[in-house]
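One structure below.
Letters A, B, C and D name the chains as they come in the text, with residue numbers starting at 1 for each one.
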Amino acid sequence: MSVRVGVVVFPGSNCEQDTTWGLRLAGAEPVDLWHESPDLGGVAAVILPGGFAYGDYLRAGAIARFSPVMRAVAAFAEEGGLVLGICNGFQVLAEAGLVPGALLRNRGLRFVCREVTLVPERLDTPFTRLIGAGRTLRMPVAHGEGCYYAGAPELDALEREGGVLFRYATADGRPACTPDDPANPNGSLHGIAGVVNAAGNVAGLMPHPERAVEALLGSDDGLLVLRSLVDAAAAGAAAGGPAVVTTGGSR
Amino acid sequence: MNVPDVPLHRALGLADEELAAIEVKLGRAPNDVELAMFSVMWSEHCSYKSSRPLLATLPTTGPDVVAGPGENAGVQRIGDGLAVAFKMESHNHPSAVEPYQGAATGVGGILRDIFAMGARPIAVLDALRFGDPSDARTRHLVDGVVGGVGGYGNCVGVPTVGGELVFDPSYQGNPLVNVMAIGILREDRVMRAAAPGPGNLVVLYGSATGRDGIGGASVLASATFGDQDPSKRPAVQVGDPFAEKLLIEATLEIIDRGLAEGVQDLGAAGITCGVCETADRAGTGILVDLDAIPRREPGMAPFEVLISESQERMVAIITPDRLPAIEEVCARWGLPCAVIGRVTADGDIAIVEGGLDPDGRPRAGSREIARVPARALASEAIIFERLATPPARRGSTTAGSGTGVAVAGTVAAAAGSLPGRGMDPGAVLLALLGGPNLSSRRWVFEQYDQHVQTNTVAGPGRGAAVLRIKGTRRALVATTDCDQAVSSLDPYLGAALSVAEATRNVSVTGARPLGVTNCLNFGDPTRPEAFWALSEAVRGLGDACRALGIPVTGGNVSLYNEAPGSAIAPTPEIGVVGLADDVEQLVGPAFTADDAAVLLAGAAGPGLGGSAYAALAGVDADDDPPSLDLDREVALQAFLRSAIAAGHVPAAQDVSRGGLAVVLAEMAIWGGRGGSFRVPVAGSPAVALFGESPSRAILEARPGAVPALRSLAAEHAVPIVAIGRTGGERLLVELAGEGATGAAEERGAGVADAVDVALDELRHAWEHGLPRALGAEG
Amino acid sequence: MSTLDAAPTASFRFAVNVTPKEGILDPQGRAVEQSLPHLGVTGIDHVRVGRRVELSVAAADLAAARALVERLAGDLLSNPLIEQFEVEALAGASSATSGPR
Amino acid sequence: MSTLDAAPTASFRFAVNVTPKEGILDPQGRAVEQSLPHLGVTGIDHVRVGRRVELSVAAADLAAARALVERLAGDLLSNPLIEQFEVEALAGASSATSGPR
């Protein structure tokens, strides 16, 4: 029987059904987790989906992180449970301090929706384990506040300790490490598109893997991310501390 | 809002004869509250008092029509027990005043029309028209409107998958913001906006009521925009997409669980419109408990509460036993809800201050502050037979069937007047492709979420949008179109051409057009020329739809689109939804292979009037637009669908704005491969390359499929010629035929023999044209 | 819901001014600066765009009210990683701000 | 470009507080209010969320500086249809706001 993966539904979430659809294609049994539910119903992993929780009013994710379910998510993460935040879910995780850094308004000050290329910086995490070496992923971004920021010391630590999960890249796979690189859609520092916490069990990314799960819609690269999570959850993968980053990207 | 010395009814935008009609219907003089209710319901926007007789002439029926005009949105069957709901609406005046909020609330309003039917909104298309893109105010408007469409649509989680952005001087003082929304529902779940069953409860849920857009429906939409009278200045409505998202989920749950007898969105004219339209549709009345309506602000006058246009509100008509379930759903979604009235048998809308008792009878000491027959406000609102007079300048062509060449621009007319500018056809092509109207719209649609809900097979940017329907093999194909340039020369032809192009855009993907929605943007109907343009457009719309065999299932009329001293070009915006049984069989417009045969289906007629080339190079004012033969259009579209279904055609694109040269360039740019072509020239090379005569398409043939395509074309009596092959890094177009011989001057048009441009040059012009025009590059 | 421990005796109005921390990129501020020349305005710089939240608090006294607002400002209204805030007591229980005209 | 008529002698720092007009819907303020129970906070209402823009002006004197800021506030920093603003002179030429920590 397939592994149960929770999908948190905040008021204003709008990618929960897409995520559910993607998880089914990835072989999991999705379980909706209402924002008011005090527990996670014994799921093996949790996804915080995209959308505009509480309208993204004030700051994206600022209000949502106080939802009752987030206490359960934090406890789950504390015990090493696998948590993935996608787009708005990433913003909520950052506001909750479950992943390092913050997501600022896009430098261009406009919402940006386009397909991007990602280079994975880690292939040994529960979120990337099925991505073959040397592979880039194509999937869409769609956000207004996706500019990754962390203070200089935090950023160095992040790079040093392998906290960078994905970087934006040009179509031919060159990481877009500077904020003004045309392949960097929002001005993120170091071209960071996704990060993983020090324990290696909580990750957030701005691009939408759940929107890239069928060739008919342009790409199924996102399945690699979802399958990795499902696979790791099934294996009950013990989330060990991240190994030192090997693959390129950091200048 | 009552200006000294001006009688209240006039201050509210009601003419003296309208007041007289109201007194006849009531058998007495209305009090101020009743007058306010009439003023909003008898506005052009809500009553269609000028356009209703015209709209009655449109074809609205068809085998798969589940709901047509008169409901919040048209609904048509699409198989597998499913149906599609779609509708287009304008938010022109609010967007001119406050572009971001005007466009945002426009999206919110049309979405409510869709989910009020019980359909989950799956897509938005935005048709936008502005003046000079280099003008600072235009840039401010474009920025705000695009921001507002995205800001709202992105947040509620409905993808924006198509639309238009057109710049034309006639919109300088009066931009157009038309928004179309599409939803999917189970056929057996279609909800009506009616209030049946005396004794049933009227529940208002969603946002609380404030002083938003007071008088908007009458004042905002019926006063010529730009009027300085402060009493006609709108109160800006602010949209809350977060509240709308909750409203969508709550409403769909209420309808899906069968908890409501009727559901209506509150838009123009607010609660007044909501109660009188639902009661009128059911032949009932409603007793409104004014005190029960949740307020956002203290001290609101009764009339303010009744006509407020506060956004993100709905009413549901329910049997009393459903109330606990409704309250539970609203509470879960964090939406306030209140029982604000009872359905009655007397057919009146009665407003009571002081509360109702548990059985819905006015409490002791309460008082009735208004009582009006529901139909007097709604279906029996006043109707005006407006005067229609064609402008002296030119008459109307008849784009009827048969020869179709009713008024054909003569080659001489075109040739004689073409300026030396644009001598080099390659340069003309680059200017067209890189111009504000034909260049890539990426700058706009990258600000829209195009993918949420994961159905977008083809998003904005390359012809019609394609949305797969989860759980089936089917797909919906949607587009909006309007030829305002030809409409301003000939509103009948312009409307017919707009329908032809919109449906062609659907057929050229391989899908079958299902139905038409529309938004008629015109000027002051009390001006005989403006009303003539409107009636001609409706005639053209009806004729085209009858010829193509598709119903008009809904739409919207926006009049008084005039800034002081300038009327917009007549703009009959057309929205079409099509259906494909197998999404895998649909084709796109990008060349798919090298060395593939390319064919031109359909025959070109003369005439450059209203073309993009004419706007660029200028033509004689008397040069007519190309004529439309609806029989040929029908034949071409049937041929396209069967050719694609047979698998002969991996790529196809219809010939429209910019003509043949621009289509070939687009197919090449998108396909990442050029091509070499020889185009037959009957008369003027300018007409051959850049003419926009309709009912034509370019097809890429599968290897070996050319003979099959020729015989299929013959079966449909569609002329077809092979014009060249794909491949290479350049676009080469040579002109063949007697029109191509002799000196350029004799040929007229000042067009030399060939287009020969590098693909990269074309791509660069096409990609940078819009941001450059808007000064947004960098 | 009302708090049991303190019976509110008065209502106090505050503003919380949230601004981007020094050194944090502020694209909105930059956008404002860049648009100034078009308005023919010169001599303006160091533009920072932040948030202003005004609210009314029912509490026993000003100190208790301010304490609550400070907490809210730090937890919800600002993100300490990127923003700084300042709490401002406003005159009276109703908004003290109003346009000049 | 620099203004010729007045040789700036000093730099003044201002804040422009932009808030939604009375009666205009403030979705952000409403969302904040609705979320307070989740933080276990009660007794807070009339939340209005606006913008705060801080800027430095080089001008001959405070009056001239304020005049310029008032103009800017009306033309560029606020939308008079739905927002009201208030100009606040800040101490010194540099930002007077700073977080409590």
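Quick note on the criterion: contacts are C-beta pairs under 8 Å (C-beta built on N, C-alpha and C of every residue); 3 or more make two chains touch, one makes a residue touch a chain.
The structure presented is a predicted model; accordingly, all values stated were derived computationally and were not measured.
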Selected interface, A-C versus A-B, where C-beta contact pairs are more numerous: A-B
Inter-centroid spacing, subunit D versus subunit A (mean Cα positions, whole Å): 35
Centre-of-Cα separation between subunit C and subunit A, whole angstrom: 31
For subunit C paired with subunit D, centre-to-centre distance based on mean C-alpha positions, whole Å: 9
Set of subunit D residues in contact with two or more other chains: 27, 31-32, 34-35, 39, 49
Residues of subunit B whose C-beta touches two or more other chains: 240, 242, 334
Subunit A, residues touching no fewer than two other chains: 54-55, 57-58, 63, 66
In contact (per the touch rule at the top): chain pairs: A-B, A-C, A-D, B-D, C-D
Complex contact set, residues of subunit D against subunit B: 20, 23-27, 30-31, 34, 79, 81-82
For the subunit D and subunit A complex, residues of the former touching the latter: 27-28, 31-32, 34-35, 38-39, 49
Subunit C-facing residues of subunit D, complex: 1-3, 8, 13, 15, 17-19, 21-22, 29, 32, 35, 37, 39, 41-59, 68, 70-72, 75-77, 80, 84-87, 94-95, 97-101
Subunit D-facing residues of subunit A, complex: 54-55, 57-58, 63, 66-68
Touching residues on subunit B, where the partner in the complex is subunit A: 147, 150-151, 154-157, 240-242, 245-246, 333-334, 445-457, 468, 470, 583-584
